[in-house]
Amino acid sequence: MDGAAVFDDWQMGSNVAAERLQIDIAGWEGPLDLLLTLARNQRVDLKAISILELVEQYLAFVEQARGANIELAADYLVMAAWLALLKSAMLLPKEIEQDPSPEEMALRLQLRLQRLAAMRDAGARLLGRDRLGRDVFARPSPEGVRTIRRRLWDADLYELIAAYGQVRARTAPALHVVAARRVMSLDTALQRLSTMLGLAIDWRDLISFLPPEVSGDLRRSALASSFVAALELARTGQCELQQEAAFAPLYLKAKA
Amino acid sequence: MTGDPIPDYERAVEAAVFASAAPLTPAEIAQFVGDGDVAGALRAIAARHAPGGIHLVERGGRWHFQTASDLAHLLRREREEPRKLSRAAIETLAIIAYHEPVSRAEIEAIRGVQTAKGTLDVLMEAGWVRPAGRREVPGRPLLYKSTADFLTHFGLESRKDLPGIDDLRAAGLLDPVDVAMDGFRFDDGVDGGDDAAGG
Amino acid sequence: MTGDPIPDYERAVEAAVFASAAPLTPAEIAQFVGDGDVAGALRAIAARHAPGGIHLVERGGRWHFQTASDLAHLLRREREEPRKLSRAAIETLAIIAYHEPVSRAEIEAIRGVQTAKGTLDVLMEAGWVRPAGRREVPGRPLLYKSTADFLTHFGLESRKDLPGIDDLRAAGLLDPVDVAMDGFRFDDGVDGGDDAAGG
């Protein structure tokens, strides 16, 4: 396995792609949100956007994310599959009968984007209004008016249903689901690194110590744990470290 | 500054609204001050205060006094942003207000993502959204709608004052996609198979 | 009713005094609205409001608005706030509403804790719960159900409008409290008047 090539790949995940397409999944609320962002980049009315261009941008994004080993949630992939279908339908000759027609599919997507954009816009306009307690103020400590019907006890619907929710949550049989989160522990990395170091004679890139089959989050975890393990081995005098510059490959060698 | 003396009934209405801890409907006001032309009194009070620094306003059929909005820059309290809402919560609030009554599935159809736990909870706790019965279709989904407190907080006299609601309605943007699709002519019947994209 | 337009400075003073939780000294007012003839503005505001139902008054060098004294009969005499229901009471009320008719033993089984004698009394006193016969099993336990007054108070058409378990889960209401509160800021309740004084 060529260490340098792997390193390029890793670097792309962190730097290049971030600059080019801003692969920042956390910033989007699902595929429709991403599509809307891409559509707005066309800088035209949502009624006039090019759906084909939009579809190609989305598919390019998904490809890039995969290339950068970014794990996409299932709904992004479902949308990608649907858009790939739409794209091929749009490129097919017109004579071929399709149901639903590509125009219809494209229009449906466009309508959904318009609706989401409208509500996002409406939300922003709502928040920009003169809000009570921020822009306009009511009287903070009114005297209060004489009560017509004395109500000794007070409670609202939210409190009522929230209380019921909590009763049910409290008394429901405890069911603990631990989200599957694959990590490489520090111990594992330490063991793996010291074993492999014993076999190596020359300087080797830290990346080349990672298990070749891992990807995504697990790969990131393996990299982080191996880095810490390398520091630990250097501290205890079992290996030497060498790095030309910040973000340059980090090389390890067993201490003679 | 002298003018006609202010009628006692109007003064009483003014005092009741001013002293009340919560906004009052005309019916509630009448319970305090006795029967009379509450609406006329409210109009007169609002007009009398209009040039001043305190305004009488109607929000969702309830009346209260508040500071004039053009003075916001003097009184605004930066630290006390009433509630910091997530983007999901803002969108959900807008969808409920503009489409009410609306089910969670309908909210999700517009947003294209599932509603995270806690989004509706935050809006209900703020008192801006509440359950509003069920839709009589299979599954009887619970419906949500906005509250009078929502109108009060955002300075809306009624839902008709929601920003741009008339334009959105006229443009069909408050109709579900399926309804809008029916308005277009296609050779083939509309097929729901592409709903998979809804996620 | 038109007269000379009210100067902006006077309007600002008026709004600042109105929006303050505590009476303000002229110096505190100036911190909000900037330097100017605060005393003159206060005199003008007091004169403008004199014929109405709201008066601007000075007490020990501090100014605040209050209801005109001849209208005091509208005001609450005893400052008795409605009390918040206890945690146990609101849970018990919720269980009765969701499961009615239900016996005390059943309520305890659902809550997982014993119900104090007074809890049901409070709910009955509030008029939200009433006895509803006995269950024909050994011991013939008394059953409880919710009242029409309960529906009215909580703005429900019928008990069917209560959100179901799935709705509660989706809204985030089945989460532990601390999770549900996460990312949610409350007003800290500090009023601007004290800030101005402290600034």
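Going by the order they are written in, the chains are A, B and C; count residues from 1 in each one.
Keep this in mind: a residue touches a chain if its C-beta (ideal position, glycine included) is under 8 Å from a C-beta of that chain, and two chains touch if they have at least 3 such contacts.
As the structure is a computational prediction, the values presented were derived from the model and not from experiment.
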Legend entry - Identifier of the chain whose CA centre is least distant from the whole-structure CA centre: B
Inset, instruction - Return the chain whose centre of C-alpha atoms lies at maximal distance from the corresponding centre of chain C. - result: A
Legend entry - Chain centre separation (chain A, chain C; CA means) in Å: 41
Legend entry - CA centroid of chain B to CA centroid of chain C, Å: 19
Legend entry - Separation of mean Cα positions, chain B and chain A [Å, integer]: 33
Legend entry - Residues of chain A touching at least two other chains: 133, 137-139, 143-146, 156-157, 161-162
Inset, instruction - Scan chain C for residues touching two or more other chains and write them down. - result: 15, 18-19, 65, 67, 74-76, 155, 162-163, 169, 171, 173, 175, 187
Inset, instruction - In the complex, go through chain A and note every residue touching chain C. - result: 133, 137-141, 143-147, 151-157, 159-172
Legend entry - In the complex, chain A residues that touch chain B: 29-33, 75, 78-79, 82-83, 99-101, 103-105, 107-109, 111-112, 114-116, 118-127, 129-139, 142-146, 148, 156-158, 161-162
Legend entry - chain B - residues contacting chain A, complex: 16, 18-21, 28, 31-32, 64-69, 72, 75-77, 80-82, 85, 87-88, 90-91, 93-95, 97-98, 110-113, 121, 124-125, 127, 130-131, 152-156, 162-165, 168, 173, 177, 180-181, 184, 186-188, 190-191, 193-194, 196-197, 199
Legend entry - In the complex, chain B residues that touch chain C: 1, 3-6, 10-16, 18-19, 32-33, 47-48, 51-54, 65, 67-68, 71, 74-75, 77, 80-84, 86, 104, 115-122, 124-125, 130-134, 142
Legend entry - In the complex, chain C residues that touch chain B: 1, 3, 5-6, 10-16, 18-19, 32-33, 47-48, 51-54, 65, 67-68, 71, 74-76, 155, 157, 160-164, 167, 169-173, 175, 179-180, 182-185, 187-188, 190, 192
